[in-house]
Structure formats: structure tokens, C-alpha cells
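My questions all concern the structure below.
As written, the chain order gives the labels A, B, C, D and E, with residue 1 at the start of each chain.
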Amino acid sequence: MGTLRYAASRLLQAIGLVLAVVVLNFVLVHAAPGDPVETIAGASGGMSPELMAQLRTQYGLDQSLPVQLGVYLGKVARGDLGYSYFFNLPVTAMIAERVPATLLLVLSSVLLAFFAGTALGVLSSRKPNGWLSQFITVLSLVGFAAPVFWLGIMLVILLASVFPILPVAGMRSIDSTGGGGLKDMLDVAHHLVLPTLTLSLVYLAQYSRLARSSMLDVLGSDFIRTARAKGLADRVVLYKHALRNALLPVVTVLGLQFGNVLAGAILVETVFNWPGLGRLAFESVLRRDYPTILGVLLFSSVVVVVMNQLTDLCYRFIDPRIKAS
Amino acid sequence: MASGNDNNNDALLRVQDLHVEFKTRRGQALVLNGVDFEIRAGETLCVVGESGCGKSMTALALLRLIPSPPGRIRNGCVLFQGEDLVQASDARMREVRGNRISMIFQEPMTSLNPVFTVGDQIGESLQLHAGMNAREARQRAIEMLRQVGIPAPERRVDEYPHQLSGGMRQRVMIAMALACRPDILIADEPTTALDVTVQAQIFDLLRDLQREKGTAIMLITHDMGAVAEMADRVMVMYAGRVIEQGTTEQVLSEPGHPYTRGLIDCLPELGSSAAREGDVREDLAEIAGVVPSIWELGTGCAFRERCPRAMERCAAEVPPMFAVTGEVAAGTPHGAACWLHAETLKTLEEREREAA
Amino acid sequence: MTFIGKTDTLLSVEDLKVHFPRGKSGWGRQPEVVKAVDGVSFAVRRGSTLAVVGESGSGKTTTALAVMRLAPVTSGRMQLGDTDLGALKGEALRQARTRMQIIFQDPFSSLNPRERAGAAVRAPLDLMRVGTPEERTRRVAELFEAVGLRPEQQHLFPHQFSGGQRQRINIARALATNPELVVCDEPVSALDIAIRAQILNLLARLQRELGLTYLFISHDMAVVEHICDDIAVMYLGQIVERAPRRSFFARPLHPYSVALMSAVPTVSGGRRRAANRIKLSGDPPSPIDPPKGCRFAGRCPVAEPACAAELPPLREVAPDHWVRCRRVDIVDGLPRTPLSIPESP
Amino acid sequence: MSKVITMPSATAASSKVPKIPKASAAAVRVEHPGTEAMRMFLRNPAAIAGMVMLVLMLAVAIAGPWLYPADPFEIRTAPLTPPFSEDAWLGSDYLGRDVLTALIYGGRATLLVGAVAALLSVVIGITLGAFAGYYGGKVDAALMKLTEFFQVLPALLFAMVVVTLFSPTLVTVTLAIGIVSWTGTARLTRAEFMKYRGLEFVRAERAIGARDARIIWKVILPNALPPLVVSATLAIGAAILFEAGLSFLGLGDPNQMSWGLMIGSSRQYVLSCWWAVAFPGAAIFITVLAVSLIGDGLNDALNPKLRER
Amino acid sequence: ADEPMRGGTLVIGSTQTPRHLNGAVQSGIATAMPSTQIFASPLRFDDKWNPQPYLAESWKLADDGKSLTLKLRKDAVFHDGKPVTSADVAFSVMAIKANHPFTTMLGPIEKVETPDAQTAIIRMSVPHPAIVLAMSPALCPILPKHIYGDGQDLKNHPRNTTDVVGSGPFRVTEFKPAQRIVLERFDKFFLAGKPYLDKVIVNVTPDMASLMLGLERGDIQMLPFATLPTDLRRMATDPKVSLTPKGYDGIGALNWLAFNTAKKPLSDVQVRKAIATAIDKNFIAKALMGGFATVSDGPLVAASPFAVNDLVRYPLDLKKAGEMLDAAGYKAGANGERFKLTIDYLPGADDQQKNVAEYIRGQLKKVGITVEVRASADFPAWAKRLASHDFDMSMDLVFNWGDPIIGVHRTYLSTNIKPIVWTNTQSYANPKVDELLNTAGGLIDATQRKAYYATFQKIVTDDLPIEFINQVPYHTIASKKLGNVPATIWGPLSPMDEVYFK
């Protein structure tokens, strides 16, 4: 028994979950009114019915839905997400190209939110009525209430027109050749500042609040009293005994919310023209590029599932009680 | 280091006129209202009383662990070997905690940190107070676990609290509390959450350890049986005050306060059926009513509403501690805070016979 | 041994088993089963009190809940009067609830914090449509009086009562439909000593006056001795000893019962008693994977190798005195315990 | 209703009534927890501020069209009139539509979608969560799989797909938001129900013969409500933001003026008319802020732990 | 003026996302802009509709109009070094005929003869006057036969996106779909010394605002196809950039309101006329489009050689519109409403389409017609409605594409009523118009043709299957540092070999 078996069973469940997501989306996308071939025809400026029929055959759209689904699942199992109707490129390649940008944005935002948020929350829990606490309250209200895209636009206006110090669009300067040297990295980092700040604000607010209340909760528990009774210094009690316990809810939310962060990325990428998955998703939705939509949905679900598993792992690392069950 | 089990009268710890208040939305609540007592080296002092009477607060106040902001020690002093802990610096207080005076709590389930191994948690105090390194601390932790009767301590030392049963956790708590050989061990209802068979084990353990190390124990409980079994001296609390204290023998067999009397009488006693005729079941004696809330105390004796022998005077003035055996001073062998004694001090022996 | 059919028997339970599946089963793994109650039989005479004692986790509450049909019964037969409790379903079961009621341990969590005391006591009447609304109102007032509460207190919420008062409300609610059987699951363990006596007296009086039958669960031997007529001692999901009160308290037979009795601290016993106590080592084994033989064998001071090999049956060693221990002998027609409290009276 | 149970007489029982305790807590009149919570809430200035803001917003949205009948799509002034000018207080957008009018009318759609979608998500969430938490076992496992499924599904993306595929109208947008955002409430409800399911007063209800429906809706739900109310309040805020996000991406109902739509359609012109984006954004911000202030206040008021302080 | 200088990187901003880079199988400006840089064509045009040599040194349209002979230059090579020959031309022309959506463009071609490596003779079944214009860069990219002739489906040929090889002034070094296309100078380009630029980057972004920002900051130097009046107004005052409407004659983009003439009440021409009378095109052009757009009254853009001024016009007169509706039998009901209509619009071009649709809704309300603006979430949704003729009115944006045969006939021929967008989805049928168009399509003589088209224009504006609204105000915004900003009839859809940095 034990960890291996547990991991295997979790993996199977995760696969099942992703499979369900794929099937639902596939059915939904194909059951919806509207025909991808018409899109292609439209994008090419019109097309004869014969050509359209030919395209349908080519994309397998003339077959029954279950057959199409079967074919699709078969391909997915082989790591093939099909070809984009619009670009006629392998969806896998297109996603792969966009992933680094999105991961960069999302991870930097999440990490910033997590570390800064937790730190703020913990610090403020020492003085539950101090100014830091008040600040966090305000921050969390603003973070929750301001639409992320609006915040982004306002930042763009501010920084584009009023204080033009930070780039407001794209991931690299237009004439940059990429490449990955130090200069390129600095360039990307420079472009990353605004989107990351925007995207992380919501979560920063949330985590700091959560960390604070969870910290206060833990600080009121019996084992903290025990630690104090041992004569430990406040610092040790706070950072050694309380923090690890207080992190649990924060980590849980982190895992659960990863999907939301991805969604937020769609908006932020749109505002800041960040060449990531979110924009790809948005654009494929507008173009009814079904294979790409399905691919992105599949990919995001996989990411969320993986994140959840990682959270689970973290959880087991932080909380020994979990191993038992 | 305490000098052992000799019955010397020097107080190791003396508490004088301790007042603890809590700030609540309804105003200041005085949960300890002038508590005086002492703990002598090597003895076991039992504190009994109904729920909410301030037993835990008294214990926490000794270590200055009263949850604050809402609570604070308003006045009074806690003299530990002559040093007033109420005035001591935070750093000094940390030296005392877990080292000279340590404490174990009622809930073994929640009083251990779930994310550290028991070895770590025991070793922590050792590293802190005895200056041991991690390896030494671990060795010592294993030894402590063995001493408190945990089987296979080498294995258990690396386990987490949730892997242990309630009884074992309480033993771990005891091991942790005793690791630095404190002078005083405060045990706040250490067995309430445990089965009687396990409680018996814990009590045995405490007694054995006390015998070996001469640690003074302040045991909080509301089980009179436990008092009879464990205590050298007893202190009865009611609504934030000490209402009676004396040796176990004195308090249990000749209680000086009607409340103490009531507490003893309303206990169903084991072995009663042997004395009982047929199937006739006699009602137990009752103490009517409930403990008044802090807000309804008013003046006078807090017990007067429930007291079968209340007098006019009880409502007017708070009774001082009368020396049931004659002397009136702190640390008397047997004292009770009841006006009855003011009237009848001379005929005390008669009254006791009546009551019995 | 069968209790079914005995005329004065109100409740009889035979070979009751309650097994809880635990946790998620992995792929192709047998789900773990908590054998909370594993073959329990007893009977309660009409108008009497059967006390069930035992260590924490030994299955007392589960037994009580099973009898109340509030826990899933894995197997076994339960009969209330001439009704087969185990076979009841749906509406019939609901109706049968008028005949049996339960009082829980924790007076703080056993009342709905959002329901006024009066409404709580009235709820069973409303649910079972007993009498007319006016009659119900009157009945609630009577019940309040009977348990020693003032009628105007009907309008208060639970948090406005003390623990003892809440337990009185619980009792009033339990008595509302005039049940034959009242299951009391540690009704006084959460109460202060001073209040405990009040409630025990109340329960005794109600039994006397209304002819109630109690299944009384406790782990306080002194309380049990005070209140019960018969006693059953449970250990790890099984009854290890069952006897009339006098017989048991005069001479407990099972080593666990003896150890239990010796562990109870008493005011009169004091240190002397403590010094002579039988020391048990270790903790009870897990109900997930109970030992094959006598479940107490691992901690029993007088266990023999054979004890662990085979589960001893519950046998009648004296009239109505049943014990599940190989080592109890019968000498001169009297049972003799292998273990006794080494105390000279 | 089967057999009629006769009223037992309690007279026998009352023969020896013990002394009724006098010094009871009942003597101290403590109000109903609801009243107490209400008082707490009313004493919280932030919550009151939120309440005032929300009521104002609602009043404008409801009464606005009466007081100020106009077509928000109508071109009224020169395009890009800056704010604080005479014929357009808050300026006009790139078409010359009055921002203030759009703001007034847009609030209706935004608030309506927010409220209905939140209601939908809360109803779905509470129902599923309640069943999962109350029944446990297989029901729970199945429902939790479903919840997990919807949690894994990227909500915004999924809603985008749904809205595009089935044409963006207020109804589809509302449904889409409701469908993707119930999981949090469901989990919370489930946790609460699991907590209460094990409590003795729930067992007691079963013991006195209450049916499941009564226990779920009349006994547990009212008790579990405080955190759910808080989460429902927040759900309104979240739904408003969600709607705004969809509209911003151009996937809102184009025939229905909404704040998100204003931002989305004016976004291209933001460098020429910041006001057409800033004001609706601020309106969303204030509304959601109001809602979350109320949520915060409710949280403080309904949380017994905080109430003690 | 200045002598053109070599060097520099031109960044072009674009909101249009090309699917791939092969203009032979894909119409539309998104593909055409990069495609014309990559692929050379037989001919190119100046800003007066005059053909100019490009791959072909000379050309000759036979008098019967049934064959076009192209003489290719000898020194032209593809980016992979292989020479451009008549076989490539023949292959490309037939490939375009087979795959390009403009079926009328090369429809009459029967075959292409290649007597030698430099000569290609295009033979047609009927006289085809549009054939010369069809040799334009945007319409006739010459593909390397050795690459595309491998039998694979051209529409989905892998080389349409990766390693694209043509013979134009620039070659592809990077193609990131929906992000950017990087083109580098082709050193062996057949026009000596050209192109001047080292590099052209097409920066694709759906977000106009960020392109504008880039332009203001100088990150982007050229922004073709700009229409937003707000942007144009801002840029018009920016000293660093110049703004020109030139370069869009060939495309001939019209913004119009199409009626579904098969559906009541729009089948009644009086109703259509009444609606036209209720619409103020001047307001649209002046206010909605900031004065950057010009009003359009007929099916041909004003710049077209065949455009005439003698058209039926419908000046704004709300009262008259009401009377016309009364006369047509649509009296106002109790609430002032006569009937209800829907209006669709092409998504993604709000300034031309949605805004006008909303304006029309407002105007028609004034004459008692309640209009519901039906939004389509995306192009397919709209295309489906139009293709299935499930609409009352729709805004539409249609290009003339130079010759009427290519871009105009399709909208009016009754034979072209098809379930496809950008055909005669109005279901307009007038035998006279069919005849006029078919005849004009076979005439080589431009003057004769123009006469036929003149009659056609008059009839169509009288039958009013479509209410023409405005010419799309395409502008090229370019940095003042840029020389030779494309201004030919094909503007940005022609090779930028002459563009340079001052």
C-alpha cells in the first residue's frame, strides 16, 4: 500500500477528469450552431460548396459526432491535438510556442502573490489591529473589487501617456530578435512588470488576507500555547510553529485557484498584448478554431490538474497528517 | 532544584491577591478576583471547582500566558522563589517557562503541533533551555519518552502526534514538560479527555515522576476522586475566588465551606449498591441552581444564591478566609471563606459533627 | 441465548454489527472497515435501566445509534416490544420513532441553536402530528414543568440556557411523544458535578413516575452504579460482561471490568486505592483490524496464550451474569475471577 | 398519519417538581443571534458605507431610466466630448453617446446579470453542496467529482466558448457565469453540511422523525447560512466582474448596454477618451467594493468568534 | 528629392492575422500584405491603374481578348536560387484558378502555354478584360513549381507557413502566427539595388490602441489600413507621422447596407428607398467617421476607371421617407411603429459596421421602423446568417478588387445567388443587370465597357438592393522618416521594394 499506489490512483483520477473535460468540450463545441468550414470559407473570402464539402471531408466533419470524438481522443492519446483550422498548423506546436509566455506571466504573478501575500499576512498577524492589517484590508478590497482588465488599462494609460517608463504591450521590444541572452532577458523582464503587477494584485490581496486570518486562527490554537509555555521566543512561535500550519489554507487556495489565474491571464494578456495562451484561446474562440480551442482547454485543464497534484504534494510535505489517509 | 519530598513549609511559589480581567464587549470581566495561594516544593496541589470558576486562568497567569489583548493581570504578584514573575521581563519569563515551571493542557489532541514529530517537540525545549544540540536533544527525548512509559521510544520519537493515541499524546506532553526538570509542573485537567484506565496510568506516572524528581505539581481537576487520590493539599475555587483550602484530608472529610460540602455530597459513590437495600434508589444530594455568571456577582458571597445556609450577611460582604482550624493567615492548613465561621468559630467542631 | 419473546423485555438486540467503511478505497483494494460494533446482544426489561460502559471508542454510542436506527446496521436483529426494529423502513420507521428517543451527551451541540426551546420540544409532536395544535401547546408546557423549567423559558434560545438546563430541554424533547425507550448517551458526562446530580435525579424521578426504560450509556462507573439495574461492559465493539447491578458491582468477573473498577478514583478510596490499582498497559487495539482472539488479551494481566488464539464466547457463569473470558472459572457454583483488586477492605 | 397517540398526562410527573433554579442565564436577556448580528453589522461603518453605495447604485439603476429616459445607444453629442462639459457631464464616447446615460442604463444589465448569475451559482452550489455534504458516501463522491470537474475547467475560457457558440445574449451570459462559478459555494456548503451532519442536534432531529428535506433545508441550512451568505455576497461581486470580463472581451450582449460593454467597446479608443473606460470601470469597482464591504461586514457580524471580541 | 538609401528595419503594424503567407490560395489583406513582399507577380501597377513590368518585361493582350502573352525577365530567381521560368507562371496561374476564391478572376482561362522558358501565353475561352489586372502582385503571386507542384493540396500546403519561398524582394525568416512575420531583404532580387530596406517586420496585434502607442513611440513606422477616426485625428496632428488615404484604389473597399430583397417588406423597392432616404450618409462620413470617409453612392468606388457620377441618390428627408412608407402601405401603428426589422453587421470592424448599424437603428426609429441590432459573436456566426439568407438588413464591407469582374459582378448577378457570403446574398435579380454585366465582362475596349457599367450603376442605384454608404476610409499612417510610402492602386498590397528610410 502507500504512496505509490496512492499516486497511481490519483493519476488515474486526474486522467479521468481531464478526459471528461475533453469530452464535454468536444461535444459542446461540435453541438453548437455554426460550422468551422464556413469560418474557413469566410476567412478565405468565400468558397464554393464543393470546396467546402471537400474541406469537411478533410477535417472529418462529415462523420458522426461519436466517430469524430473517437478519432479525436485517439489522436490526443498520441499527443496529437490536430491542426488549427485557421492557421493549419499543429495545435501542439502553437500551444508549445505560447506556453512559455503564459507560464512566465502566471508563475511570476502567482509566486509574487504567494510570497508577498503570505509575508504581508504573517507580518500583520502580529498586530491584528495595526496599520499593516488595515493596509491589507484595503488592499484586499481593492484587489477584489477592481476588474483586472480595467486596472490594466488604467495602468496602460498612466504609464503610456503620463509616465512612459514601462512598456505596455508585448513581451519583447518589437525589434528584439529574442534569442535569450542577458539583454533579451532584461527586455522580457522589463515587459513583464506591468502585466505581472496587474495580474498578481488580486491574488496578492487574497493571499495576504487569507494568510492573516489563518495565522490568527492558528495563533489561537492550543499547540501555540504549548509552544509559548515551553518558553519559545515569539519569533520562533510565529515562524516555526504557526506559519507551517497557517500555510495550509493558503496553499489549498493556491492550488484550487490556479485555474482562475489562468483565466485572469486571458484578460491581462489581452490588455497587455502578451503573446500567451490566453490570447491564443481568445482569438481561437473568435475564429471558431475548434482544434485550437479544444487544445487550449485541454492544456489548461491539464495544467490545473497538475497544479492540484502539486498542491497535494506540498500539502503532504507541510502536513504529515495527510499521509495517513 | 527542589529539595525533595520533605514537608518544609517554604513556599516555592506564592501567589498574592491575583486579579485577572478580561475586556469584553460587555465591559471588564474580573475572572480572578484576589486569588491567594502557595505551592510548596515537591507537593501536589489540586485545584477544583466548577467549570468557568477560573482554574485555568490561575494556571495561565502563573506563566503569564493569559491570552492578551482581551485578558491581563490587573494586579497581584506571583512570587517564584522570591522573584515576582508579574513584573519580570519577557526574556526572563521565557527562561522560566518550560524550564522552571512547565505546563500541560487538557486537550492532548490539540496541544501538540501536528506538523512536527514528537521528538522535535520534546527536543525543542532541551535545545532552548539546556543548550543541547539536535542529536543530544533527540537522545534525551527518547529517554524521556521511555521514562513516561511509551513503548518503542526509538520509533515513536519520529512519529507525528496524529499517529499516537490520546493517552500517548498526553504522555508526550508530560515528557515535554518534564524534559528540563522543572520545579513546578502545572497540569490543567490532564486526564479529562481520557478514559479512566488511561487516567490511572497518567496519574501513576505523575506520582512516580514526582517521587523521583521532587517536582511540585499543581493539578487542576474537577473530579473529587482524583483529588483524593493525588493531592497533598486542595484549593477549591468558586467564581474567581479561592473559597477553601487545606490538606486533602481536611478538605474532603471536614469541608469548611457549604459549597465544598455540596460538591462532595452530590457525588455518586462507587460501592453504593452494596449498601443499598433492594432496588430502592435514593436521590443524590443536589446543589441547586447554577454558577452565576461574572456579570451577576454583585456584592457578597458568590455562592449565596445556591447556598442552603445563606445569611443576610452573605449578600452584603465578601467573606474572608476563616481559619477553620483556628489560625488566620495566608498558608494556613485549612481555611474557608464563609461567614458561617465568623459566627460559629468556637463551636466549629459541633457543627462539623452535625453536617456529617 | 435468546431474549426475544420474554414478556417483560422491551428492547432486545441480538448479534448487532455495525461496520463503517473507512476512507477511499484505492484501485483494487479492499476498503478498510471499522468494526465499531461487532456482535452485541442484550435485552432491556421494561421499566428498567441497562447501563453500557466501556472505554472510549468501544462502540457504545454506535450501539445506541444503531438501536435508534440512526447508524447503518450491518447485521443483527433488534426488537422493540413486538416490532422488528431492524426491518422498519421509511414512514413506518419514522412512526416508530415516537416509541424510542435519545438524549445526547453534549448539551451544547444537541439543540439547534436557531430553534427556541419551546419549538424544540414541540417539534416531535408536530412531526408526528400528535394531537391538535392546542393540545401540543399544553403538552409542551407540561413537559417544561416536568423537567423543572419555567414555562416562560420556552421562548428562549438554547444559548440562553446553562448546560444543565439544556440537558433538561433535551430530556423534555425526548419525552414529548411519550416514548417507551429512552436511550441516554452519556447524558451527564459533559456537566459539572453539581449539575450532574440534578440531572441524574431528574432521570430517576421520570423513570419512576412514567415507567420509562433507559438504555444508559456512560463511562463513569459511579454514575452507572447509581442509576442502573443491569450493566453491560463493552470492549472494542463487543460486550465482555453483562450482569445485574448487584452481581456486577459485588463481583466483577472479566479482567477488563475488574481493571476498570480499580481505576476509578474515589473520594473515600484516596491514595490507598490508587496504590492498589491494577495497572493496564498499552492502548486498546484498532477496531479496523481487531485481534482474532479475546480482544482484551493484549492488555490483560492474566492472559494466557490461548486467549489470543480464539475468541471466547459470552457465557452465563451465574444467574444472568454473562462474561466473555476463558479464565473465569466456576468454583463451588460460584464464578471466580482470575483477577481481583488486591485490596483488603 | 397513522395512529393517533394519546396525550400522556404529565401530572404524575409534576408531583415532585424540584426547585426551579432562579439564577439562570435566562434572567439575562440575550437577544436572538440574528438581532445581535444585525446590531454588529449596523455598528460597522465600512459595512454601512458599502450598504449606502450599493443602495445608491441600485437606486440609480432602477430609477434612472424613469428620471432620465433616454436611449443609451443614441448618439447625442459630438464624439469624444471630454467629461465635465455642458452637454455631457461625463463626456461622450467615440460615437458621441453619452457616458452618463450609458452608465445609468449599463448598471441595470450589469447588476441584473451579476445578481441573477450569482443567485444561480449560489442555488446550484448550495443544492449540490447540501446533498453532497448531507448524504455523503456515493452521492458525495459523485457530486464532488462533478465539482472537481468544473473546477478543473478553466471558467472564463469555458464561458467564452459557451457564449460564442450560443450567441451572446443576457441569458446565455448569465447562464454561462452561473454554470461555471458555483464550485466554491458547493464546497463551502458541503463542508458546512458535513460539519453539521455529525452534530448531535441534527441526529436529534432524525431521532424525532424529521425527514431529510426538513433536516437539510430547515435545520442545517439556516445554521450553515452565515458563511454562505457571506460567500453569496462575494459571489455577486465575482459575477459582476465575470460579466464585465466577458463584455470586455466582446462577448457580452451587444444590444444591452453594460459597464463591461462600455469598457470593451471603448477600449480601442482609450487613448483618445479615457473617460469612456475609466467611469464604467470605476462604477464596477464601486459596486463590487460595496458588495464586498457588505460581505465583510456580514462576515464580522455573523462570525461568533469575532462577535465575542 | 532625396536619393533613396539602403538599410533599416521597417516595422509594419497590423491588426489582421494571416492564416498563412500564400496569396495564391487565399484572398484578403492579411495574407496579401506579406505575400506581395515574398512572391513576385508578372505585373505591377502604378497609382493611375497603369500596368508596369515586374517579372514580365513585356506583355500583350491579344485583340480578341482571348490570350495574354507574358515575356519574363531572365535574371529572376526564387529565394532558394532556382530561376523563375514560364513553367512556374503556368503552374501558378492554373493553381490560382483552381484554388483562389475569386472564381471570376481567372475563370475563363483554359490553359497556359509555355513555348520557351521566358514566354507564357495565357489562353482564355472568352474575351477577359480583367486578365491584365489579375496579374497584380496581390492576385497573381508566382509560386515555385518545384516546391508547390508536389501534388499536395495547395490550400493546406506546409510550405504556406514554413520556409516559404518566392521571388519577391523579401524572404521570410520568421513566421509566428498571430504575432509577427519577419522578412529580410532578398539579396538576389531581380530588380537591381532593391529593395532598400534590410528588414520588414509585420507586427500583428488585434489591439489597435497598442499599435497606435507603438507608432507614437516610434516602435512602429507604418500602419496601413487604419480607419478609426479617433486614431486618424490623433495622428493627423502628430508631427512625426504622415497620413495618406492613397494606396487603396485597387482594393476599392465599400461599406454598405445590404437588403434581403427576398423578404417582406424589404422586397418592396419603395420601402428600401424610404430607408435610404432616412439615412444621412454625410453624418456618417462626417461625424461617425470623423470626416475621414467619403460618401459612396454606387457599386463602384470613385477611383475606379468605370465609376460614373450619374446615379440615383436619396438625400436625407425623414418626412419624405415617412410618406414613402405610408404610400407603400406601411402606416404607423398606434405606437408609431410601422414594422420591425433586424440589422446584422460584420463583427470586428465596429467603426464601419456596428456603429453605422446603431446609427441606422436610431434613424429608422424616427420613421417608425423598429430595428434590432443583431450582434454576431464572430465572423462565422454572421457569415452563416448571410449565407443562409436569414437576415433583413446587414451591414457589409465588400471590396471591388480592381476590376468589376473580380469584385463587383459577384454581388449583382442573379446567377450568383448562393449560400455563401459575399455572393448575391441580397437575392437581387434583374435580367437587365445580368445582361449588362455579362456583356461588359467580355469587352476588351475600356470605353465600351464603361458605357455598360454606367447603365448598370444607374439601374442598381435605382433598384437599390444595397444602400451604399461610404468608402472605407483606409489610411496609411507612416513615420515621416519613411520615403516612398506605398501609394499605388494596390498600396500596401504591393512589393515595398522602393520604401526606404530617409
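Please note the rule applied: a residue touches a chain if its C-beta (ideal position, glycine included) is under 8 Å from a C-beta of that chain, and two chains touch if they have at least 3 such contacts.
Since the structure is predicted, the reported quantities are computational estimates derived from the model, not experimental observations.
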| query | From chain A, how many touching-chain steps at minimum until you land on chain B? | reply | 1
| query | If you tally the C-beta contacts, which comes out ahead, D-E or B-C? | reply | B-C
| request: Tell me which chain's centre, taken as the mean of its C-alpha atoms, is farthest from chain C. | output: E
| When the centre of a chain is set as the mean of its C-alpha atoms, what distance in Å lies between chain B and chain C? | 31
| message | Distance between chain A and chain D based on Cα centroids, please, to the nearest Å. | response | 25
| message | Report the inter-centroid distance (CA atoms only) between chain B and chain E in whole Å. | response | 94
| Taking each chain's centre as the mean of its CA atoms, how far is chain A from chain E in angstrom? | 40
| query | Can you list the chain C residues in contact with two or more other chains? | reply | 162, 164-165, 198, 201, 205
| field | Multi-chain contact residues (two or more partners), chain B | value | 286, 288, 290
| remark: Contacts with two or more other chains occur in chain D at residues 18, 21, 24-25, 28, 164, 167, 250, 267, 270-271
| query | In their shared complex, at which residues does chain A touch chain E? | reply | 33-36, 38-39, 41-49, 58, 83-84, 86-89, 94, 97, 156, 160, 164, 168-170, 173-175, 270, 273, 275, 279-280, 283, 285-288
| message | Could you list, by residue number, the parts of chain E that touch chain A in their complex? | response | 9, 11, 17, 19-20, 25-28, 101-103, 153, 155-156, 160-161, 176-179, 201, 203, 205-207, 209-210, 213-214, 217, 219-220, 348, 377-381, 383-384, 387, 418-423
| request: Please name which positions on chain C make contact with chain B in the complex. | output: 55-56, 162, 164-165, 192-198, 200-201, 204-205, 219, 221-223, 225-227, 229, 245-246, 249-250, 259-271, 273-274, 277, 279-283
| Touch list for chain B against partner chain A, complex | 63, 65, 67, 93-99, 102-103, 105, 107, 110-117, 124-125, 128-129, 160, 162-163, 173, 176
| field | Residues on chain A engaged by chain D in the complex (per definition of touch) | value | 17-18, 20-21, 24-25, 28-29, 32-34, 137, 141-142, 144-150, 153-154, 156-157, 160-161, 256, 259-260, 262-264, 266-267, 270, 281-282, 285-286, 288, 293, 296-297, 300-301, 304-305, 308
